[in-house]
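Going in written order, the chains are labelled A, B and C, and every chain counts its residues from 1.
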Amino acid sequence: MSRNATRNSSRNTSRNSFLESTLQGFARAVSKALQSEQAATQPGLLQQLDPRVRVLGILALVVSVILCRRPEAIAAIFLVAVALAVASRVSLTSLARRVWLVVLGFSGVIAVPALFLTPGQPLFTAPALHLSISVQGVRTAVLLVLRVETAATLTTVLVLSTAWTHILKALRSLHLPAEIVTMLAMTHRYVFLLIETANQMFESRQSRTVGILSGAERRRMTTRTAGVLLSKSIELSQGVYLAMLSRGFRGDVRLLNDFRLQPRDYVSLTAFFLTACVAVWMGR
Amino acid sequence: MAAIFELQDISFSYEAIPAIRGLTLKIEAGNRIALLGANGSGKSTLLRILDALYFPASGSVKFKGDALTQERLQEEEFFLNFRRSVALVFQNPDVQLFNPTVFDEVAYGPLQLQWSREEVILRVEETLQTMSISHLRDRSPYRLSGGEKKRVALASVLVLDPEVLLLDEPTATLDPKSQSQVIDLIQHWKGTARTVVTATHQLEIVEDIADRVLVLEAGAVIAEGTPSEILSNTDLLLRANLIHAHRHSHGGVEHSHPHLHGHSRHEHEHDHEH
Amino acid sequence: MAQPLQRCGDGLFPSAALAAEIWNRLAFEPANPVEIDQIMHIPDGYLSPSTCATFYVVAASGWYAALKRIKRLLATRAIPLISVFAAFCFVVMMFNVPLPGGTTGHAVGVGISAIVLGPWGSILAISIALAIQALFFGDGGITTLGANCFNMAMVGSFTAYAVYRLVAANSDLKSRQRVLAAAIAGYVAINASALVTAVELGIQPRLFHDSSGTPLYAPYPLHVAIPAMMIGHLTFAGLAEAVIAAGMVSYLQRADLGLLSGVSGGSGFAATPPPASATTTAGASAEPSPGRLWWIVACLMLFTPLGILAAGTAWGEWSSSAFMNPHARDQIAATSGNHAPPSSVPAGIQRLSNIWTAPFPGYAPSFIRNQMFGYLLSAIFGVGFLALLALVARAIGRKWSTGNLRL
């Protein structure tokens, strides 16, 4: 993926590539958001369910993933997650790209030394290097990677099949305080505006930069952009504040709650919880 | 019958910087007023004072005969009535669109003013239809174009069916087509709002949206009149920094006379030959 | 055939170094699309359910307290300010900050956030940014969100705020002392967060393993986790935070001094007059005064003897003498899946254990017999030492800003 590009760009000092990787990061965040919005409108299994059921159900499965003590049970939940993804029209290639490879690259690599470091019964020994892989090491590495992969798959499937606003409303009806939900919503809304602003600032600085900048100059560019972004953010927040007051805000947050549970929601919720419990019991 | 707004010798400063100085103004129901002035002349500040977002340090503001003060707005009934009757559309739509979706945005005002759930949904759907933005109802603000954002911003205040509409630079940063749409809307909107106060520095739209013009400079009103009176007074416009004069050429002749640039529905007059 | 533990023991230190190096490389090689230093965002699966639950409880009380305070301080202004600031932090987290030496790092923004919003506002802002990362972008786990918020938003904010106030003291808002204070605050805060994260990860194997000794969650004990995490943060992430915090304070000194006085004194926040119904407490300060902070630290110190409750010795933290002592050998065996330790001291431990003798080996100077007293004393020394460092830093900062110091 772009991992190699990242490695190169973060080490490349001969060009002002720190700008490029930042800009690439912005582009990826925006495309990820758009992808989420599109996927949430697909006619899949999860999309048919009440968002609260989706949130609770997936949460139950994630909790069961970390409660299980045996890799077989976790692997079973992983298969359930993949099945949910397929049924909800989430493309497996995008899952692979977004989740599976990424997790392997990160947690997978982190788990490798555990093979050698975990004390226990040796499985394989390389006498010349004084290194040996223990059974426990293999088990713990497998457990870790499986857990992370499965949990990440579950949360990604949830996020891709549910519009952000629905997630927030689900959280609200699950009794998260209204102010917190409002702040989450507002932050999300303005993240993209600020990304665009920062993008424009960096791009214009990039186009005005001739030659190679010194380290100090690059730092100054970054902190100045951050500083201007901060000023604009505060100004924006003051404007938003007035706009809220102007339309009647006095401190309490009022939201429209429009979810109704249907029979299939009850069925699915039960199914989710049953699966979670079975997995935990079998994997104890 | 009391004037809708009555401002008596008000002054307001941002910390140490004076923004409005000794301003007196009366706005009757049904007035269509344009506040003309360059940036920094105090137009936005005046609109915010009218919308009870800022309170003047001295002088008095009356809304329909009632004093418009912070204390008065603590009273529930007065508050609900005022916020419904007077609506402000901000210059920067991003500031006004702070909800996750268009539907939520338009529903925000009614919800805050404690309308019932059914009323809210009904009114919101109606307004979305009127403004031709029903297809955008589940869209997030960051995916809207400039013109769409403006329409949503307008919808979010028009849903309340206000009596007074305060517009801060409604056509700035819009492409010509969107500008026309906004102006048409202001002209033809048949709600109960009869009083419209528009702050702008774009002279070309003044005749379409106002029958009374106030020219502001450095926080004070320096002139008042009908659009044709004001727009033909080039000295005044120059002084208020609303037009400029610099050397330019057309018709093969280079000369200098006051004019303005940009999309214009009128040509400027010449009194010389080419 | 050689005992298994001996085999592992021989390679213990080189392997730990290998782990540290790999972990270290990953610290600035984020692979996820949102380009965040993922190392401190603990994903799902690294922490046990009870750890997750505990930290959710702790975090929830932190959020609740923060929300109350911010509402009292800012009233209706809180929601737009905190939200937009959280969005700002989110975006800043995506910046590649060029560091001395040619590489780049990522900042969290906790430094500038604590300075401008105060510690409570910063807790909320950073927590919200983290929540959005986890819930919307899928970075960082949802079961570990409580722990992540505790580490970065809470420990980070309070540390940054305390260090900033300590080092900046009453210096002029425009002085260079403030810039230095911000840099140190950011640096220390990130490393404090990293330390807490490392501890959370490091205690997993000992507390949560199955009967055969397999760690069920994060697999590395404290003596691997701590160096592995700290190396990456002492060098890169800490510097990135320092650069951002210092750079922002420097920018605010030129561009917007009001913001620098922060939320409680901030004229930058009073540019728009207070709303109709707010109970504005313009002069009230909701941040804990430095005096209160010292009380909190003192209380924490009193809790250090809790370490005694962890029965036995920390796994892996044995001296060469432990291998000779029969009582200690039993302990080692009990905590290592009942594998008997080698009969002689492993060569690696023998070689290295004499290189560094901590001033207080076993956390208790030899003349103090009572364990609890020894813990307390060590804690006092530890904190006192850090406080001394802070005072020295402040003195240097003062000298530097008045031009009396030649570097």
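Some observations on this one:
Here, a contact is a pair of C-beta atoms (placed from the backbone, for glycine too) under 8 Å apart; a residue touches a chain by one contact, two chains touch by 3 or more.
It should be emphasised that the depicted structure is a prediction, and the values quoted were computed from it without experimental measurement.
Chain pair with the highest count of contacting C-beta pairs: A-C. Ranked by how close its C-alpha mean sits to the mean of all protein C-alpha atoms, the top chain is A. Computed centre separation for the pair subunit A/subunit C is 22 angstrom, with centres defined by C-alpha atoms. Subunit A and subunit B, compared by their mean Cα positions, are separated by 42 Å.
Per-chain CA centroids place subunit B at a distance of 50 Å from subunit C. For subunit B, the set of residues that touch two or more other chains comprises 53, 79, 98.
Of all residues in subunit C, those that touch two or more other chains are 80, 271-272, 276-277. Each of residues 164, 186, 188, 190, 193, 236, 240, 242, 244-245, 249-250 in subunit A touches at least two other chains.
On the subunit A side of its complex with subunit C, the touching residues are 1-3, 6-7, 10-11, 13, 18-19, 21-22, 24-26, 28-29, 32-33, 36, 59, 62-63, 65-67, 69, 98-99, 102-103, 105-107, 109-114, 116-122, 125, 129-132, 134-137, 139-141, 143-144, 146-148, 150-152, 155-156, 159, 164, 167, 177, 179-180, 182-184, 186-188, 190-191, 193-195, 198, 215, 218-220, 222-231, 233-234, 236-238, 240-242, 244-245, 249-251, 253.
Per the touch definition, subunit C reaches subunit A in the complex via residues 4-5, 7-8, 10-12, 14-16, 18-19, 22-23, 26, 28-35, 38, 43-49, 52, 63, 67, 71, 75-88, 90-92, 94-100, 102-104, 112, 116, 124, 128-129, 131-132, 134-138, 141-143, 205, 210, 212-220, 224, 243-244, 246-248, 250-252, 255-256, 259, 268-269, 271-272, 275-278, 336-337, 339. The residues of subunit A lying in touch with subunit B in their complex are 37, 163-165, 168, 185-186, 188-190, 192-193, 196, 236, 239-240, 242-250, 254-256.
Residues 48, 51, 53, 79-80, 83-84, 87-88, 90, 92, 94-101, 104, 107-109, 111-114, 117, 120-121, 138, 140-143, 156-157, 160 of subunit B are the ones touching subunit A in the complex.
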